[in-house]
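Next up, some structures in structure tokens.
The same subunit A turns up in both complexes below, where it pairs with subunit B and then with subunit C.
And now, the complex of A and B:
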């Protein structure tokens, strides 16, 4: 056993690892290959200014989300005062940032909630929805896409019919119906988004792996007797990883946008503050007509900042991994 | 397998997908909590009258009978009657669908005309200041939720300056749809209502074709035949539009089908913000008041639009790209 290992090492040092277990070996090598690629890409990625700024923005929001209880000045879901019965709008407090004499940085909503604290806590909902949904959609989508594209035939057919079916479901209406069925809370919104959103990653990755499958290096690997998993993980996957990351970071953006939309329609989680529910409340109380812009402008800016950061990181990554684009 | 059998197979898939969407929808709406009849039946009604009403809607039959009746009706496009207004659902759809189509198509034509042109140019002038500013504009446009842009537009131009109407499709007292749909569309009042939502949507949808066209251009420009064109001494403009852009257009086709899907789904939001009486907004309202027939009918219209567009995109893809094989 040991002898065999030594002899193989002398000839195939670049092909084989020290371990003799072929199965573990393959997995380890695949893992190492991916890790190296990722580390290399991370280094190049952080070189670009727009990506660096986007990452700082996301990091800033992450910090805000983690330390939300220390940053927020009030409890976001506790009314700061009771309005007169039946009168909602006269208790409106203007923001102290604009020079009004109040203890509320961004004023209060018509129902008496502190806007600044709601904004801070809204970061938590947005990041949670964005990150969880993106990881699952990109992961499931890539796996399905690779398998469908590589195997082709019946497997491809079955998986793509499933994707076709999901594509037949309009995004927001489906999420709305699912949330109406499952009950309006944040986890159900995330679940509904994952159920639908992996479709786009799967389709793009599949078309990529369809064309990769015909490339000479894959044919060569096939002829050399490589296993299916070997080809998928070492020849196809590294080539589609940029797309996975692209769709992953876009997935964050789409999830945050969708959550905001669903909440805006009025199916948001009533026990959580999100930027979407803030916008919904501001519209319900006609903040537009009253010109109370400090209520509905900040949540939208936060959504925009976080989403554009996701897009910019994705694009930066795309340009690095696809040198043709530079 | 040849092209003809691909078309046949793809058509069969279309039917199966439609059936699956219908089935899932049927299940979902019946899983929904809350009694749908509570919205139609007032508390003053006698038990007897209440039971008769439930009976007339067929809600007492076993689920599988309801299911088969549902499928049967789907084929003949009979979506039943609204629980809420007792109107046939097909009438509801006929009222709201054209409104959505006018809005969406206006926005889409503007968005794709501008987006593709800017995409070609920004791909061609890679690394210039023009490219950077277009890409950043496109990213910004896609990052801010449309309903939010809609709110801001309403706040600035509607509430503050009073230039655009705050809601709806026609002003009160102008007759609305009683004068016929086409008569309504060609009035200044309608155009005034259309401008804001269409512009907001176009600004949002523009980013997608722009970015895709740009990446696709970059891909095409690095290919050898572009060098051959240069070597032949063709004018730059000819190379850009006749050779590079035409080859780069291919991904736009699948992208457009996907984008139109998002457009239909997104119509829910923009119609809600601008109180545009379209099919998306009607669907949400039907879901919220548990009006199964209307919710189902409108959802199926939204869904089959997308399914059909994907079908067309698939056929077009095989037709336009000779490298695609049907195996």
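And now, the complex of A and C:
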């Protein structure tokens, strides 16, 4: 820098470099870059009616999950009554919604749990699994994809072989085995899902990064002396973000489905209520053959609604990222 | 080593790219022996860039101009050869020296629709190099650079995104970004070829001002000789990864010696930079730059072909007795007493020109 002073001809010679004028803070600018990007996506997404409705549905479930203690009428894991000498109740209470004379909106299970309250608390489990698993799968996948695509060569080879290896494992059976080994609790289900699911995000983000890094604006940053991390975070990441969101919303749906599946076959967390464990219990007590449809239909509907919303939001994003689908 | 006013020296630069092939082909290759194929994009070019001069690189599309330009700003690692900047060999430079080089070497890219990050505002784009190099007074500098690029008033452009700008405005932003670090030299790769004809003159005069007022050295890359003729002090004509003729612009344009240069110039009917010409069409096909031919690379299209010596001996770019510019052609007598016919006799089998023994490349 010092030696630049020799050349008298410069458009900047008269600038006093010692003074710091009102410069916009670095972080503020980075923050703004991200905010503008997000706002732009949000605007494009909410154009679509199906996406809007899906978002409303998800928002509704989020509200229910947050305020579960106030919405639920009973404790979800407390038996509402005991049979004689502690014997399991073998007859359930019918829902008051159907005109039965009881205090239970959706009746009780054969074990004496309030179905409505279980449904409300089940929202928490579903959203927790869905959101945590999706954030981590999309996050890890994006990071791995960016690094593999940007560096290429051996780094890329190593990471992509790992992805190929994971692709060799079917989702549900592998999650079942992992949960069986690690123990049936919600966190292990989430962990197993994350371990398996980042593969698809990583693969797609990698191919995007591979082509982005050859774009002249990345070359321009390189010429200016930008570090690898600078290029990855400022130039690649904002441009792959739509894909990250796309895979994130699909990820929510897949995770909820997988959790329900794992719980349904009896590997769910016994200390948490989830829609999957509800379905599993209803099957164990043969609710279907007794015609107690209010036991298994509501959780089924909730799973369906949330999963479909996730896929619809994902589809909406897909149309943004891939104009050919429109 | 060379005169004091030499800013950058390109020494026998080669850049080969591995030919992209499927894994089956690579597998067969690893069993069947024989290395992978390489595109000889740049295959041994040497020239110098002097302080304050404008140098033109011309030639048909695919002859290696962009690759040469990108190597000059260290966007490619050379396969062989080196670049010397300010007495420092870039291949041996320390991190601090590289950082200083990065501050002084800038590039303007061909396509202004691709060279700006669509998600960054004009301010952020122009300020980015300043932040990378921790240079203070960011806002004032950005303002000054935009003013110079005739984006007025600069504040009005600060928060605009590339998609809100015209092609000409984008190219001006790219120029402002290149200037903001106050570099020693700029490589401008076909800076106006993607612009509307009506916008070209404006951007060209801006580039002109850049060199004239601030003593910047500029390398102009273009396939358009009529444009380079107006912009450049010296010209180098490239063909298939090699320089075939190099000298002062007037000499090269008015008194071209290499048969290829002559063909190029005859293919330019209107010597006017404001008239858009996208391509130069010549007779015949450009040769294969993967499996480079022996001898002179122009031999298959050359109207003055003089037999075995052209077919088998690579003509070196050298000073000739009869004129000022350097030419790589056997038609003229070497000023340094080099005799290609000696080589011809020395190698009767004559299978190997220097292009055939390719240096391995890494990508």
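Criterion: the second predicted complex is superposed on the first by the 249 of 326 C-alpha atoms of A that agree within 3 Å, B and C clash if a C-alpha of one lies under 4 Å from a C-alpha of the other, contacts with A are read in each partner's own complex, and residues count from 1 in each chain.
In this text, a contact is a pair of C-beta atoms (placed from the backbone, for glycine too) under 8 Å apart; a residue touches a chain by one contact, two chains touch by 3 or more.
Fair warning: this is a prediction, and the values are worked out from it, not measured in the lab.
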Once chain A of both complexes is superposed, is A:225 in touch with subunit B (first), subunit C (second), both, or neither?
second
Check whether A:217 is in contact with subunit B, with subunit C, with both or with neither, and answer first, second, both or neither.
second
Return first, second, both or neither, reflecting whether A:35 touches subunit B, subunit C, both chains, or no partner chain.
neither
Which of the two partners, first being subunit B and second being subunit C, lies in contact with A:239: first, second, both, or neither?
second
Intersected contact list for subunit A, partners subunit B and subunit C none
Per the contact definition, I'd like the list of subunit A residues that touch subunit C in the complex.
1, 4, 7, 9-12, 15-24, 26, 29, 33, 36-37, 215-217, 219-227, 230, 234-235, 238-239
Under the stated contact criterion, what part of subunit C meets subunit A in this complex?
70, 73-75, 99, 102-103, 105-107, 109-111, 114-120, 123-124, 127-129, 131-133, 135-141, 144-145, 148, 174, 177, 179, 181-182, 213-215
In their shared complex, subunit B is touched by residues of subunit A numbered 152, 161, 164-165, 167-174, 176-178, 180-181, 183, 200, 253, 257, 260-261, 264-266, 279, 283, 288-289, 291, 293, 296-297, 300, 303-304, 307-308, 311-312, 315, 318, 324-325
Where on subunit B does subunit A make contact in their complex?
13, 16-18, 20-21, 24-25, 28-29, 31-33, 135, 139-140, 142-145, 147-148, 151-152, 154-155, 158-160, 166, 215, 218-219, 222, 258, 261-262, 264-266, 268-269, 272-273, 280, 283-284, 287-288, 295, 299, 302-304, 306-307, 310, 327
